[in-house]
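Next, two complexes with chain A in common: one pairs it with chain B, the other with chain C.
== the complex of A and B ==
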């Protein structure tokens, strides 16, 4: 990079964490735990967890997002069939091979049928792990949804109070909301920066900077983000001849970094995406005045982003995608869906319909977290990009 | 073991004739709604639903799952599935949805009925997340009014809903009432609902008694293949007088058979519990694979998707909304967690004296299937129950491989047969 010397810190930082992300964030977390023996760890399966409740109890919420492409599946594929997505199997494999022993608890949510059954399989196979399951409301027009969700959060809070052995008070909750508000706010800044000048911040960099926040303490992540955003803002690269796209469909299982990188190298700037969506769940801050549990519940209904696992009858999902394309100024959409991920696959049918109606070109790709070979995807993107550039 | 002839299993009693007649009339009501605009259609899902409330407003319940099922049984599903795949649905999406969407986007005429457009799309989200997207899509295609009736999943270790869960569902049912009043222009009639709920209560009780009959040896009917005959009226006609009458007839008939020691097969050699939905496009072929071994299903989880009555639940007309809520929350298979299903199956095996468990893993329905390998592990390793896991599909005929399936089933029953011979030989009084 031309001006590498001007701000070496961010590159060094990103490449350090790239190794962690590509290797095993769980190993990193194990080291962290060794240095902080008193702190309990709660694993969070995608997508969204009200991490504030865990954090306010003095515990560290860490994402459990499958096993990447370096984990061999030797046991879990006899428990979950070939037609189930990779992340379900790799997460179970991590458990069956003892790699989740560092966790004190794990939380699943009502995102899809396989993840729901996985929660039960965890309960049976790992009796020492506290398995929690959150049912998020899917009736967002009901006058009673907020109070239902607040009750659900109180139930979850009681469960974590038991795990940590002390009450979690409102003051601590408000403080945690402030911390995560700051973190999510910075992530929104980071995304905005990339969307406005994608030549200065690549998607892989954005991804790594976001991903580390899923296993570092948020306070540490905040400091890194501030530094990274400042450094990236100083960059001044030339815009290349690439098409600008919005990427959609990778909200749960995560594609390998090489694939993300490959997409950009094949001639796209990704202006927005739905990677790690649960950790960027709110489009605005969660309110801090008043009852924190109520505020978290209300934010889920009123301030959360759209997603394949949240079914909001107030507005068609496809409209959100089209709006995103218009707002960012992208000229196309890349659907990057996890293989066998029904929420993403079903969404595609409606997205395709809406995109065609709006005259927005799109490319449909599937991935698996465990994939190693990216040539085919890359060729498809190149062909797509060419068809757009020379049209 | 000498090769066996497949015994005939097409017993046709009064129950079957009555069923055909009732279902025919139900489908005619759909056609009349579609073609003559008679009545307002409410789309719902089978799993634990509030049909009682729809009937209280004289709405016609339409079940896209039944449409899909009928298309598969009539062996005409594939072109609809392919039509959906052409417009962007994946090979890996639930084929029930695809068949129904293919049908919905066409003229909605089928060999059994013409499907009316929805006046209300009531997505009773009971367990299956695919439901949410299925109905979201139908709402988008039809521009019909949609209401997501959100049912919290059974996640507490006690297996019970929380107090707040029940309150939340009851309050949503009250919101559904407001919607129905607006759509139909009718005032909600509490006493009418009580009457309907009372029919449901009695129907459920009879159904549970019928299910109890398969504890007898021999079992008077097959709790999978014959239960299907009874499930259609249970779902489409629950809460009506004629639905109740059907179950009175069915119970009488099955009880008589039980008294006479009659079963669905000439000889009951094996009793098994079956988990998972049937392969509708190949139901007969599938049944024969078991019949040939003298194997009778004495209990099935599939027959509890729309309601679990055999463990004590009954709709209560004195608490109509609460009991509809309890049915939706707790008393159906789909909204119960996977371990509750293990427990249900364990009870079936023990209380219905079964020799084995057969798991039919279907690709379309991950609600049912995802993780059934772990279930097999539990039953074979922890409980020592012979367990067979076979794969095909509930709807898509492309996933049924008869030869492969036959090999697996034969090998399984051959080994059971072998064990049985050994056991009989070593039993006191046996010829050692």
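== the complex of A and C ==
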């Protein structure tokens, strides 16, 4: 651990933000808002929010991604059926317990039925909160898809102009695109670093460094990422006898950090994952020349990462997963899907068939954000690792 | 001669198997699980060593399994109960392709390859209705000794249905059956049928292939074996001591690991650093 001692700043930084992530990012955000009076906050429900439009209006987009495993669900259970996933319930619980009062607006979009209905539930229950809903095009091959989505983004922009009380001009939008391009570029670098030398950057570290970008201003996050990437690049840890895997399925609801750590401790190096996908959802930079709204719409159609809630008929979803395994050099896949997550469960049928056809071993695990006991998951991962390591 | 030990620290009992390098069992022990796992594992190991006429220093490798596998500080390595039970079952019944292991706290369905390697597996949710603890609670409520449950269940002439998916609610159903004057035999068979139906669902999810070996303490109950065979519509292999299969698998894997280490010419090393010093 000599290397860790040589770069204490990054460990201290990760440790500090780990407490925030495990505790309450919303409390942290409330403190931030108190120090920045006048700045409006817009909550973004996963997955594909055009944060540039919010940022360009001088507001701060912050993720609303459930309540973690420390939030007691006391009220939301009476509003939703028992087969609805945890993130929907915990997000409503945050609202019903007043923890989302720091927000001036919140935005949902068409990712699944419970999420879609959550927008209506919020509209009814929180009349003072500006609830916005983006209808993404379902047919990505239509020649009208770009103009449709651009029109949808313009409608949303008009809504935020009303919230902030001033117009959001193209120059500000282009500047916001530049800022988020830089942030997402650094996140890609961080992921590349972890994929190339997973012994030097754990997945839980990668996760925390990504997660803080969901509640810090992007400019602040960029500075942290630069420092973290430089520090992690200097590490030189021994590569342990573990199997290398790609993790898939947790694009919306987020697992507890202990579960992520448990997967690694059970003998896996995770070379790629789909955690917090909504905050790193472009595989390439968004164009900055030309009409920014048009550029954002086109980027969603052509440059956004695949997920369980985007249906792109141009390329089978399972092919992306198989390609990811081949490109990273992983030897197996862990499907980590949230309990009752219909998109992830539907995808599993496709993934399973493709992985078996390609001879790629996989393990299917279910999780819930409100999860305290990890023995079962850990035993399952250990067994999976043993089945590949023991002859 | 080389000797290895497999220690299975399970939810109800801790089992030890000592093997020699001809894979012959030289000693074994079963001790009720209680707090202080290091002392418990040492006590169980000492009983098995005494039976084998060996000293602790005669052991070249100790592999642990079960939920307390990480809490045995003198182990060389720890292996999950799923991997161990698959290897143990395939050793006893070489044509095994599916293993059902019902322990006190959990149930596992494993699909295995010819050599006992795990191909796929499923474990039950954290739910008492799917494991041996459920039978124990039912026996306790019906004031029947757990060792008599298997024989009583076989005598049922009109098995009662226990439909609840939750052990607590199932207990209410048992109370209703008692109030309705149903016989203990018929109620116990209902409990076994309920467990067998859950086990079958788990096995189907893992992939069901002949031959099937039934492991774990619950496999000692004749009524449970009968219920499972009826549900699966085929015979299952049951060894004389099904609860020892996990410890046997741990010992076999320990021996295999030792042979590999000695063949490769390097010192024993754990997969990861032991978490207990």
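Descriptive notes on the structure:
Assume the second predicted complex is superposed on the first by the 390 of 391 C-alpha atoms of A that agree within 3 Å, B and C clash if a C-alpha of one lies under 4 Å from a C-alpha of the other, contacts with A are read in each partner's own complex, and residues count from 1 in each chain.
The criterion applied here is as follows: a contact is a pair of C-beta atoms (placed from the backbone, for glycine too) under 8 Å apart; a residue touches a chain by one contact, two chains touch by 3 or more.
Not measured: the values here are computed from a predicted model.
In the superposed three-chain model, the partner touching more residues of chain A is B, compared with the other of chain B and chain C.
By the document's definition of touching, of the two partners only chain C reaches A:376; chain B does not.
Looking at the shared chain after the overlay, A:390 reaches chain C, while chain B stays out of its contact range. In the superposition on chain A, A:84 makes contact with chain B only, not with chain C. By the document's definition of touching, neither partner reaches A:34: not chain B, not chain C.
In the three-chain superposition model, chain A touches chain B and chain C at no common residue. Of all residues in chain A, those touching chain B in their complex are 77-81, 83-84, 88, 110-114, 116-121, 123-125, 133-135, 137-145, 147-148, 151-152, 155, 309, 311, 313, 316-317, 339-340, 342-343, 345-350, 352-353.
Remark: chain B residues 84, 87-90, 92-94, 97, 101, 125, 127-130, 132-134, 136-137, 139-140, 146-150, 152-153, 155, 162, 164-165, 167-168, 171-172, 175, 337-339, 342, 361, 363, 366-367, 369-374, 377-378, 391 touch chain A in the complex. Remark: chain A residues 240-241, 265, 267, 373, 375-376, 379-380, 382-383, 385-387, 389-391 touch chain C in the complex. Put simply, chain C touches chain A in their complex at residues 67, 79-83, 106, 117-119, 121, 123, 125-126, 253, 256-257, 260, 271-272.
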